[in-house]
Structure formats: C-alpha cells, structure tokens
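Which chain is which? They are A, B, C and D, in the order written, and residues in each are numbered from 1.
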C-alpha cells in the first residue's frame, strides 16, 4: 500500500497518521520529496483499511498495490486453468457447450432433452432440481427426485451433469452431480462458498446481477482459498437501465476476466436475453470474443415448460447453434 | 390475466393460443370486438407464464392484473403494519433510530457503544457477529461470542438488539437476538427466507444492491407466506453508474413502497454513503420523505474499527443526528 | 390505445374518465364485460397522455398499441434499409468496416492513417475535426482545417469520410463530408436532428450512454420525419455500474434493434472498451451477432495521439481485425 | 501527476516511459526507492493522457493530483457562490423554491399559474417555451410566443423567470428571461455551454441522466472558463435499473457536490419522480439534506396539461409544500 500525502500537509497531521499506521502493525517508509511525501507500507498491513486511511486530513490518495484475489490472479498464475469434467474441458483453448432445460420436470422430459443435447454436440447437461424463484408461488423444482432423474439421463447419454445448489444443507444430495452451479443470487452466499471450497467438485460460479468483476473474483477466491481450484466463472447479464432484455449481457467481461484471472470464463446468453430469438446471436458473440464455453437453455417443448420457456431454444435451434459455434471459433483463431 | 390480440390476427393463430391456454387450465372468455379481441383469463392461471404467452404470434400484449405479492400488498391490506420490539415501534406513524457498530469487536467496544447509543436515544442496538465480507481475507466477525456480547450489552442498557443471520444453520445461536437482519447479499437466499418465515422473530430485510422494489416485496412475501408477518424493509443503496458513493440511496423507494405495501420501510444511509460525512444529511432526508426508521452505523472509535470505520458516525454525531431527526419529523407532519 | 379499468370501478369514476377522454378528442368504445370493462380509443388520440390517464382512480392499466416510431418501425416497413456511401454499403446483408483516428491531428497523420485504413480493407474513413470533450481544457480538434485534411486524405485513397457534427451552425463546413456523425452526447440535440433531417447526407446516429433503444429510435424518427431516410444507428456502450470498461457494450441491442427497425445497426467497440486490448474481441462479437458494420479507432502512432490514444488500434491490429471480421461473418451465415 | 512504477520494472521500460513523458513536455523527478520508484511530473503536463501512460508495461498506476475543474473546485474557492436573481437568492445558506408549469400553454394558463406560484411563496417562475421532446410528434412548446407570455406573467406577479434554451441560435429570444436553463439532454452540448459562458445571465445547469458528478462539474467548468460565474447545478434523477420512477433521484449528490464545489446545488424532484404523489416527499428530502433550492412542476389543471401532467402538483399541493419546506429547513439548522 502507498499513501500519498497532500502537498504541504502539516507535520502534526502527518505524525498522527504515522502513529495510527504503526499502531495497526504497518512498517512505514517515508519517501518522495519534502513537498510531496509518500508513505510506503510494508510488513503486516492486513489491519489497515484504505478507506479509513483516506479519512485522515493529510491524505491525498491511497493505493492498494496488490490485487485482493491472489489465488485467482493471472499476474501471479499466468497459465490458464483447464477444468475437466468427464470428456468435457473448459479453458486454455478448450471450449464446451452446456445445454439442457431450465428445470427437470419429468423423466420423459429430461431423457428426451438429454438425447437431443447429446445429438447436438453438447458436452455437459444442465437441469435445475432446486430452483431459486423470485416468487414464493412459482414452481421451484422437483428437488432430490429431480437430481436423480438428471443423473440417470446423464448416465444414459454419457453426459456429465450440472445443477444448481442453493444451500449447504443440500450438498449430500449432489454426490453424483458432476458440476455444481452457484447461481447469480448466491454469488455472495459465503456459507455456500466455504462449503463448496472444501469439496472436490468443479464449481460453475455465476456473476450476480449487481456484482462487479472484482466481486466475482473475490467470491471465486473464497472457493480457491478453501482448497477447491476447479472453478469456472459465468457471465449471465447484469442489471442496467436497459430493460428490453432481462439483463444486459456484458461481453467485455470475457476478455477483461481473461486478463485478470486464469480461470475459465463461460457465458450464459439465455438468462441475459430472456427471449429465445436473442440467444443464438449472443451465444455466437460470446464465442467470438473468446469465451471458454456457452451455457444455453433448451427444452423439447418450450410452450409447455414449467419455467423460463420464453428463453428456451428448440432442439433443432440448439443443434444449429452448436455447428455455428464451432465455425465461429475456427474463424477467430 | 388479460391477453390482447393483434389486430387482424389470423383465426388459426387465435385458435392455437386458445387451445394452449385451455390445456394449461385457464378458463378463457373472448371479449372486445372482432377487429380487436381480448382474452380474459379466469380459473386456475398459475401455469400460464405471461412471457411464454407473448411468444405466440397472435399476441399483442399480456397483462397481469394482480400484484404478485398478495400478502405484502397495500391494496389488499390497507392498514399499515406496526412492528414492535421491546419498547421500539416501527411503522404506522412510529419511527425508530437503530444504531451501533458494524461489527462487535470486544466486550469493551460493544458495551461502550451500547451506552452511547442509549444516551443518544437509539431504540434498537445493532452489531454484526457473523459478517459477510466481500473478501475471504477480511475480518468476518466474532461469531457466536459476538452475539453473546451484543445481547449482554443490550441487557445492560435495556436495548433490544438486531444482528445479521447468514445461514439457516446458525439460527439456534440467534435465540436471544430480538430482530434478525437479512443482508443485501442474502435478499434472495430462499433457504434463509423460508427458515425465518417459520420463526416468530421480527425480520429486517435489506434490499439487494441490484434488486427492484418488486423483487424486494417478493422476498418479503416468502416470509409472510411461511407465516411470519413481522417484516421490516430496508433501503440501503443500489448499484448505479454513480460510484462516488458506495451505493446510490434510492429515497423514492420510501414513498413508493408505502404505496405498494403495508410493511414498515427503513433506510440505512451508512452503507449507501460509505463515508461518515454523508450519513447525517441522508438520514435527515430519509426522515423527511417518510421513512419509518433509520439504521446508522456508529463506533466509539472509528479509526480503530475493524470493519467499515470510514462510514461510522462518532457518538456525538449520532446524538446530534438523533435530535435533528426528531425535529425533521415534527416539521414534516 | 386501450384503457383497462379496475374491477368494480365505481360508475361515477368511469364517467369522469370517459368525459375527459372525449373532451380531448378521442372516440371511446366501451367493451369487455360489466365486471371488467375496457375502453378502446380511436380517432385522434394525440392529446391523450397515457401516464396522465393512469392517474384516474378507475384505471388499472393503459396500453399503447402502436410503436411511437412509425417511420423507423420494422413492423410497418419489413424490408431492411441499405445505406450506400461511395462503394460502401451498410444493412440488408452488407457489412462495412469504418476506421481512422479519433481526431485529425495533422496532414501527415491523417494521410498516413488513410493509407493504412485503405490497405486494411476499410470502406469509410473516420476522423474528428470538431471534437466534443468532457473538459473545456482538452484538445477539441482542428475544426474546419481538420475537415479539409480529412476530405483530402479520403480523396487520395478513394475512401468516403465520416466526421462528427456538433452544431447546426457548422453544417456548411461539412458540404464535402460523406457521412455525418451525431455523437452520443448529442443524440437528443433536437435542433441538430431537425437540421440533418432536412439534409440529404447519410447520418450515423450514436446511442447516448443513458439512452434506451426506444429513445434511440425516436431520435432517428426525428431524422426520418424531417425527410432524411439515410440513417444508421450505432451502439457504443452504455453507462452501468461496471466501470472497468469505459462503457458497457450492449450487444443484445444489435438483434433487438433488427427486430424493431429496418435501419442498419453498427457497433463502435472502441469507445465502449476504452482500451485497445478489448477492441478486437468486441468487434468480432459484434460481427457474430449480426451488426451491419463496425467502427474502430486506429492511429498510426497511438502513444502520440492527442485524443483517446489508449483505445486506438495499431495499423497492423486493424488489418488483422479486418480479416478476422470477414471470417466470422462467413462462419455466421 | 504521479506515476507509480511496478516493482522491479525493467530499466529499459522505465527509460522508454521517461523519454515519452519528456518528449511530451513534462518535467519528471524520479523519487521513491529503487524497488518502488515513482515519477513525479511537473511543468506542462497538459499533453500527458493518464490512460495512455497506463498502457506502458512499467506502469502500476497513474494519479491525477488536481481536480480537473479548477474554477468550480471548492478546495480552491472555499466560499460558497450565491446566485441572486431579482429578490431570489440561491446558495450560501439561501434557499429558493422554483415552480411553474412544464410548458407555457396559453396566456390564461401561465398567468393563473404565476399568481398561484406567487401566492405559494415561489421565488422564481418556471415555464417551458422551447421544449425538448423525446418524440418528434409531441407538443414542443409555443416557442418565442411562449417566452413572451412567460415574461409578461413574471412582470405582473413580480417574479423573475427561468426557461430552457435548446440552441445557441435562439439566444436572442431569451433577452428578457432572467435565468437560462440547460436541460439534462444538453448538459454536454458544448456549443450551447460556450455561448452561455459568454453571457451574463445566471444558468441553471441540469445533470444529464447518464452523467457522473465530475462530468456535471466539467460542464459547469465550460461556463466558468468562458467567463460566466453565475451557475447553479441541478440534480434531477439518473438512469438506473430502477424503473418504477422516471429517474432515480440521487440525493447524495447534494452533500457530495457541496464538498466538491462552491456552486449552489438545486434539486428537481418532478422529473425524477414522474408522478405527482412522490414529488412532495422527495422535495422535503432534498431540503433536509441541504439543497439550495427545489424546482417543482405545478399546473393549474394537470388533467389538461399538454406536457408532463402526471407529475404536476396542484396549486394547493404546491402551497402546502412551500410551508413544509420552510419548516424542514428550520429543523435542519
């Protein structure tokens, strides 16, 4: 940390700041020039809150010199992380298409969807069993029975599966789920993050609708700091004044996160768009700007979906998207 | 629900829509005029997803006629809810000032703060024991020991206490806490909401930084639907492009929520402002526009706070605020 | 317009609303059912303000049935508009790359840039002469001399040119400029819009950083309503809480605008990104989701640029982008 | 400006940066320590673009040490500016209520409104003559005739008047208008700003819906730099994801601007709220947090207003507000 003092800050004010810094454990080296001094802090600065330091009248500005997410940082770990799940690989030049229905609704529905996804070239099957719903009166999934059906459909088609976990208490039911998703609403549910950090399962961590990229990385840091390095990030649309789509898909996050972190970066165009007609163009755009994977919702029969049917692709739309994603990735090499 | 058809929508398209609606359980009455028909839906429409209906080519627009939060709705329950905690009362013309440190740090700190809060006229003492922190490396509170100290300080001063719950698994430790806070990050943690819905304790529900007012009310609806009517809402700043403050305090939410719901509406200016100098003017503004209470952070010694010291009022600032809040409320009658 | 009444709205309230509507010129047909009546408005409804109608206590909701931008609407004009400028064509399956420096700085700079742009396959040369700058102390362009140099560089290389107009008073100086740009800050400068609406020059209309898509289309409607049909829209990033980039590029706007309007939709990744490293991936993403053109900033020597050097591509980066844009467009067919 | 280098930045990279800085005119003093050097820049740094400096690989961070708005800065000009118009005074402890209709519609309307405003204790009469309208098909004011009527109504009642100027070409028509308003859409219309900077009339400068506080101050700086010190700022709601109101009123801007600048800060609750029921609570909140004035829309007959009737106060509501504003200001002293 570096603290830049105001020009001609009174000596007494400087002393007061120095005393505070040293009391909290920092070693301070005074440098710069007499008119424009800097304090360089070393030693244990964990107790120095930069915004608190900024309250001292002598202070012009406070600079944090290290990224607050050392384990996620690309600067410290330049090699990209590759997350492997069954035959699927994400990151480091590997790209995967994840698809499936928003919610598991019945045996027939999920088995049909799984076969259609497999035929389309999908490498990881999604399906919600415990669904977070904005309204308490909406369908919230089949629960443990939904997971059982999803896993069975994955087995039959040879696809690994991903499903969302909403509470640490449900973790046992996810023993045979291959990838655990943390949804946007739970990106800062630290209890959940710490629990999954102690697990060995890959985690798909979605960005909250009001979360900055740094906050997303700090949530991933919870997972890595607790011991789980198999983390994939997922952009899925942020809240902006623009309400003609459900969220504003922030595709600049893909190259920006690739600069900041070694973790794979995926994109979910379905929840951002909210309407099926926009999903394919946004998925192609995600691939074009370097995403390590795309997660899209598909339903064998969207008009009878119990959840988010408006944004579900038809099976044939998914198959067409899969081919075009491949072509776009070839074109962008 | 009312579905408005496009002018001259082909008969076959109308039939296809009708068949779908009836298959999903709705009773449909066709009304309007031949050129501009409407479908009025009655019966069980719980399976009709308006955004899915809008995918039919014949559809111009779909109108939900009922608010999706019947238990919170002011239209259906015109009388304001008053939440009483010890001697404190919020709502229906009652106003309360809640204050205390961001985190309980030590016995001396919380007892000192409690006495200062009591002297200032505070009616409910706050103090965090389980702290959600954006970074895994930051101080996250004293846990159960922090709760014990908070409750003891409350007993000594005769103040009821409020503290944040982050996980349903911690609920037992909150047995002697008077009001349970759900923080902004957990506003849509449905597991937590359902658990507190089955409790009898008053709940202070903070608005998420990316949440609309309707989403806030739907989260409150989870609590009411599960049986707990003692819910207070709290505006604490939303995420906008404006980053000179930590959040943008949305004070229009106060009169707007009062139109929409009978629940008390509080304001937390500290987390919105992020800097102590802005807390007092925003707290006064909250009172002026009709808030049922204000929650402000105060610390006996902000420069040595372990958490959010930059936004903590000094004890004497809190005392001055308390008097001015009273005067503003008198002026606005 | 359709006005939906509340269930059991008192007869007197309904009469008061009816009287008001008829007084303002509307013909009202009462339809629906006795319990749930609708008012269908025909005739001259230009004086009925929907938000004012919503103030009447009997009113449940008010529906505008027609898009407020009839000339821009795709529903009314399904064929895509193609804008031709010299050999360049935008829209209806035609794609063009626009590039050049942020500002014209000198004869040598713009001639060099023009040759590099031509070599890279650019079809329209950009260069600012009258620059809107947030600070009054920043370089604001060479003015009329800048235009002269830009036009000369265009002539030499055979490229048509585009430059930004900030005030109707400058229009004469733009006589030999091929396309006139209206910048984001002037998207709602109606004086400027009306002036250009009476011109025959193609207009490149940029979306304001706080503007919705409907507002963008209404600004375009000013141009079309005044007689100029040669309008291209340009997404260039909106203001959101996400400040790691200069603006958040809203690529869903591309397919969404294509649904709403027949006008060509371009994307400017440079101003959204603010940093050169993000420009190429975002430009490719724009092409992948169907943009009719991309406008990118390029400078022969970014480190000595007088304006926005941080986001300028190097000439060789532009050439590489041009080839990859072509490949992505092939892949997306 | 201070440039902080990366730890162990190679000497060659440091030299390259140094050469570039000196070539552009800066005097550079190398300070700090060998492991963590800083470059302190003095002399003419007007050509050094901080974001461009940040592109050099050796650079950790770049700090601007001076606010970019020297004439508006409170640090450099601690005394508050008081703007006087007729008997009205704004700033430095003086508060004024501005009110009147959105648009001047007829002689009867504006004379009635002026008398009602006068009776309510208003000190400055507002009325639009040249109205910026989002749609080209909406009523855009009576133009010069509207100004004539407004001025006449002001004369009769002894009230100075304020009206919006949309184009420098209209300036002559504003000769007898006392205060010129620059609307939110024109906050960055630099042609207009430069023109008014050369005028002697007080200017009421509204914040753009997507503008940061620094951008607002830089627009004010255009006025001051051109010679006009009589500038009042006005917060009127910003664009956020929150669409239940027309804009989100950002009241923290009031105390924050008071820290940053010596100029008076006013609040327009009407355009932020969009609905009359929210105007009074927000106006009181504005006064409570220290605004130097409030501008509210009022109409003798809102249901027949030609513009923004939904947000217009009734005359009796304005009179009540005026009294309560006075009481709140007394309470906040």
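In this section, contacts are C-beta pairs under 8 Å (C-beta built on N, C-alpha and C of every residue); 3 or more make two chains touch, one makes a residue touch a chain.
None of the values given here were measured: they were computed from a predicted structure.
Visitor: Could you work out how many touching-chain steps separate chain A from chain C at minimum?
Guide: The fewest steps needed to get from chain A to chain C is 1.
Visitor: Centre to centre, using CA atoms, which chain is the farthest one from chain A?
Guide: D
Visitor: On C-alpha atoms only, rotate chain B onto chain C and read off the angle in steps of 5 degrees.
Guide: Angle of rotation between the two copies: 180 degrees.
Visitor: With chain centres defined as C-alpha means, what is the inter-centre distance between chain A and chain D in Å?
Guide: 38
Visitor: Counting only Cα atoms for the centres, state how far chain B is from chain D in Å.
Guide: Measuring from centre to centre gives 32 Å for this pair.
Visitor: If you average the Cα atoms of chain C and of chain D to get two centres, how far apart are those centres in Å?
Guide: Centre separation, chain C to chain D: 26 Å.
Visitor: Identify all positions of chain D at which a residue touches two or more other chains, and write them in rising order.
Guide: Answer for chain D, listing residues that touch two or more other chains: 210, 238-241, 243.
Visitor: Line, ring, star, complete or other: which describes how these chains touch one another?
Guide: Its topology is that of a complete graph.
Visitor: Mind listing the chain A positions that touch chain B in their complex?
Guide: Counting only chain A, the residues touching chain B are 20, 24, 46-47, 49, 51-52, 54-55, 68-69, 132-137, 140, 166-169, 185-186, 188-191, 208-211, 215, 218, 221-222, 225-226, 238-239, 274-276, 302-306, 309-310.
Visitor: Which positions of chain A touch chain D when the two form their complex?
Guide: Touch residues, chain A against chain D: 2, 4, 7, 29, 31-33, 36, 38, 40, 60-61, 63, 65, 239-241, 243.
Visitor: Along chain B, where are the residues that touch chain D in the complex?
Guide: Within the complex, chain B contacts chain D at residues 210, 212-214, 238-245, 248-256, 259, 272-273, 277-278, 281-282, 284-290, 324, 327-328, 330-332.
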